[in-house]
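These are the structures in question, set out in turn.
In the two complexes below, chain A is the common chain; its partner is chain B in one and chain C in the other.
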Partner chain A sequence: MKKNVIVACGGAVATSTVAAEKIRELLKREGIDADVSQYRVNELESKKDNADLIVTTARVTKDLGVPVIHGVAFISGIGVEKTEQQILDVLRK
Partner chain B sequence: MIDLKYIKKDIQVNSKEELLETLGNELIQNNIVKEGFVEALKTREGEFPTGLPVNPGVAIPHTDGKLVNEDRLVFATLKEPVSFNEMGGSEEDLVDVRVVIMLAIGDGQQHLTTLQKLIESIQKEGFIQGLIDSENIEQMKEIIEQNL
Partner chain C sequence: MAVIQYIVDLGASVMLPIVIFIIGLLLRQGVGKSLRSGITIGIGFIGIGLVVDLLNQNLGPAAQSMADNFNLGLSVVDLGWPGTAPMAWASSMGLIAIPIAIAVNIIMILLRMTKVVNVDIWNIWHMAFTGAIVYVATGNFALGIVGVIVHAIIAYKLGDMFGQVTDKYFGLEGIAIPHGTSSYMGVFATPINDLLDRIPGINKINIDGEKIEQKMGPFGEPTIIGAILGFIIGLLAGYEVGQALQLAIQMAAVMVLMPMVVKLIMQGLLPISDAAKKMLDKRFSGSNFRIGLDPALLLGDSQVISASLLFVPLTIVIAALVPGNQVLPFGDLATIGFFVAMAVAIHKGNLFRTLISGSVIMFVTIWISNQMINVQTKLGQNVGLVDAGDRVSSLDQAGSPITYLLTKGLSVEMGIGFSIILVVYVFCFWYTFRKYKKQTLYVEDDQE
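Right, the complex of A and B next:
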C-alpha cells in the first residue's frame, strides 16, 4: 500500500524542501511507494491523520500518534544513514 | 548578494543574542533591512532554532522577507563559539557555533533557493573549515564564491 510521509519544518518551507528531496530519493532508491508532502509544524495537527510517518526539522513535542523522526541530518549532512534507516524501519513495518 | 562589507572575521560576542544584534543592527543602519529585523530574528530563532550540529558548528539565522529591503548574505566567523539551539532539537540540544551565515532575503522563492544552496555548501568538505582558516575577509569571500 502506498505510504504517506509528511516532512515539516518551522517557518518557511526551506529546510523541509531539502529534507523532502532527500527522502524522495531514498524511497525511490529503496523501491518504497510513497507520497511525500510538506507542511509547517503548526499544520501537523490537522494534516497528520493519513500519515504513516512525520519527519521534521523543527521541534515537535506533542504526541501526534504518528511516528516522528528528527530530520536535521538531511540539513547537516551528518548521520544521514542512521536517519535513513529509521525512516525505512518505520515504512517497512 | 555577497558583499565584502558583510563578511566578518573573528568577531567577538558573548551570546547568540549579541551576535544577532551586532550583525542585524548593521543591516538596519545601512537600510538593507527594516527596523524590527533583529527582534524578528530573535523570535524565530527562539521558536525554530537554526544551529546545525556539524563540526565546526554553523548557524543559519533567518526570518521571513517582509523586513528586507535589499538581499544580502552575512557571513561571520566567531573568535569564541557561542551556543545556539539545534535545529529541531530539544531545549538541551546545543551547538557550539563558530560560523554564522545570516540570510536577509526578501522574496520567498529566492529565500528558499538560497537556503537550499547554502545547506548543500555547508555539507561540502572544506567550506566551513576554510572560512575559519581564512587569513582575511578577501580569502573568505573567495571560499564563499567557490563553494556557493
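Right, the complex of A and C next:
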C-alpha cells in the first residue's frame, strides 16, 4: 500500500524541501512507494489524519498520535543514517 | 557584454535558470540535473509572480477601500518573507551573495570571530535583500556588497550569542540559529526580560500557553487566517457579503499557494546548497563549531506556537496603532512565530513576557517596514514581481533594524527615526552581547 509521509517545517519552504528531497531519494532507493508532501508545522493538526509518518525539522513537543521523527539530521548532515533507519523502521512496520 | 545585458533584460525567470544551469555544470551535477534545477527555479519565479498578482490585485484594492472608509492607513500589503525572498534572489545581489556570505563566514572562523559554520544557504536571502535594498537606495553597487557583508557578520555573531539559548531552551546542541527575524529581533527580549524581573508583582506573573494551543489551534492555520482576514477586510472595504467571501477564498489560496511556489526556488538552489554544505562540512566540523541552521527549527515548540497564535490578531492591532503606518500585515502572519521564537526562549516560555517583548518587536518591525515601502516597491518593480502602480512591503526583511540602519546610514538619510532605532537597537544588541559574554543569557532555574 502506498504510504503517506508528511514533512513539515516552519514555512514549508526551505528546510522541509531539503528534508523532503532526501526522503524521496531514500524511499526510491529502498523501493518504498510513498507520497511525500510538505506543510507548515501549524498545519499538522489538520493534515495528520492520513499520514503514516511525520518528519519535522522543528522539534515538535506535542503528541500527534502519528509517529513523528525529528529530521534535523537532513539539514545539519549529522546522524543522517540513523534518521534514515528510523524512517524505514516506521514505514516497513 | 551585450549578451549578458540581453539575458538580464529577459528577467529573473530566464536569467536565474541560465545561471543555475551553469553553476550546476561547474559543480559537476551533470547536464540533466543542472537543467532541471535551473528550470525549476524559473518555474518558482513564474509561480510567485502569479501569487503576488493574486494578492495585489485583490487584497490591494480592498485594503485601499478599507483604509478610505475608516481613515486607517493600512493600504500597502505585506508580502511576507515568501514574497520577499524571491525578490532578493532575483536581484543583482541574489546569487553573488552566496559566495560572499560563505567567504565572510570562513574568514570569521579563521580569525576565531565565530564558531558558527553556516550551512543554511537559503537564508542568505536575508543578507542579499539587505544588499539589494542598499543598492536600490544608494544606486551604488559596491555599497550593496558592503550591506551583504555587514549583515552577514552580524548574523553569524547572533548565532554565537544565542547559542546558550538554543542549546538549553530548544535542546538544539551544536546548532546555531544565526538567521532571520528570530535572532535579530531576539535582542529586544533580553533587556525587557531583566526589566520585568525587577518589577515586584509583575515578575511573578507566568502564563503557560499550552491551553491556548488546544483551544485556538485551528485559527493559527494559514488557510483559516487567510480566509478570515480576507472576509473581514472585504466587509470593512464595504464589499457585499458575496464579494467578501470571494476575497476570503482568494486570500486563503494565497496562503496555501505561496509556500508551494516558493519551495521550487529552494529546490532549484539545492545543488548549490548541497555543494556548499559538503565543502564546509569537510573543512569545519567537530565540537568546536556550531552548525548554522534555519530558524524554522524553532517553530515546533508549544510555547512558540501559542505565542504565534496570539500574535496574528495582535500584529494587526499594533499595525493600526503605529503612527502613520500604511503596512497591512498579511504574508508574514502565517509564520509570525519567526519574530518571537527567540524571545519565547529568553523568557523561558513565559507567555506573559513574550506578549510584552513581542509587542515591542512587532511595533518596531512595522514602524520600520513602513519607512521602507518605497525602496522595497522599487526593488519589486526592478525584478518584475510588482506591477507599476502597486505598492508593497514586508515585515520580514524590510522591517529589520539591520537592513534599515544600513540602508538609511549608507544613503545618508539619517532623520529622527534613524537615530531612535540606532540607539535602541545598538543598546539591546550590546546588552545581549554582554550577557552572552558573561554566560548569563540563559541561566537554568534551580527549582520551578
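By definition in this document, the second predicted complex is superposed on the first by the 92 of 93 C-alpha atoms of A that agree within 3 Å, B and C clash if a C-alpha of one lies under 4 Å from a C-alpha of the other, contacts with A are read in each partner's own complex, and residues count from 1 in each chain.
In this section, a contact is a pair of C-beta atoms (placed from the backbone, for glycine too) under 8 Å apart; a residue touches a chain by one contact, two chains touch by 3 or more.
All of these numbers come straight from a predicted model, not from anything done at the bench.
Superposition of the two structures on chain A shows chain C clashing with chain B. When the shared chain is aligned, chain B comes close enough to touch A:G71, but chain C does not.
Touch criterion met: A:E45 reaches chain C, while chain B stays clear of it. In the superposition on chain A, contact of A:V18 is made with both chain B and chain C. Residue contacts after overlaying the shared chain place A:G10 against chain B and chain C alike. More residues of chain A lie in touch with C than with the remaining chain of the pair chain B and chain C.
The superposed model puts chain B in the path of chain C at one of 276-284, 312-320 or 420-428, which is 276-284. Chain A residues 9-15, 17-18, 56-59, 61, 72, 75-78 lie at the interface with chain B in one structure and with chain C in the other. On chain A, the positions that touch chain C within their shared complex are 9-18, 21, 38, 40-43, 45-46, 56-62, 72, 75-78.
The touching residues of chain B, counted against chain A in their complex, run 44, 47-48, 52-55, 62-64, 86-90, 108, 111-112, 115-116, 119, 122-123.
Per the touch definition, chain C reaches chain A in the complex via residues 81-82, 85, 119-120, 122-123, 170-172, 174-175, 213, 217-218, 220-223, 259-260, 262-263, 266-267, 270, 273, 277, 281, 291, 293-302, 305, 308, 334-335, 337-338. By the touch criterion stated above, chain A contacts chain B in their complex at residues 9-15, 17-18, 56-59, 61, 70-72, 75-78.
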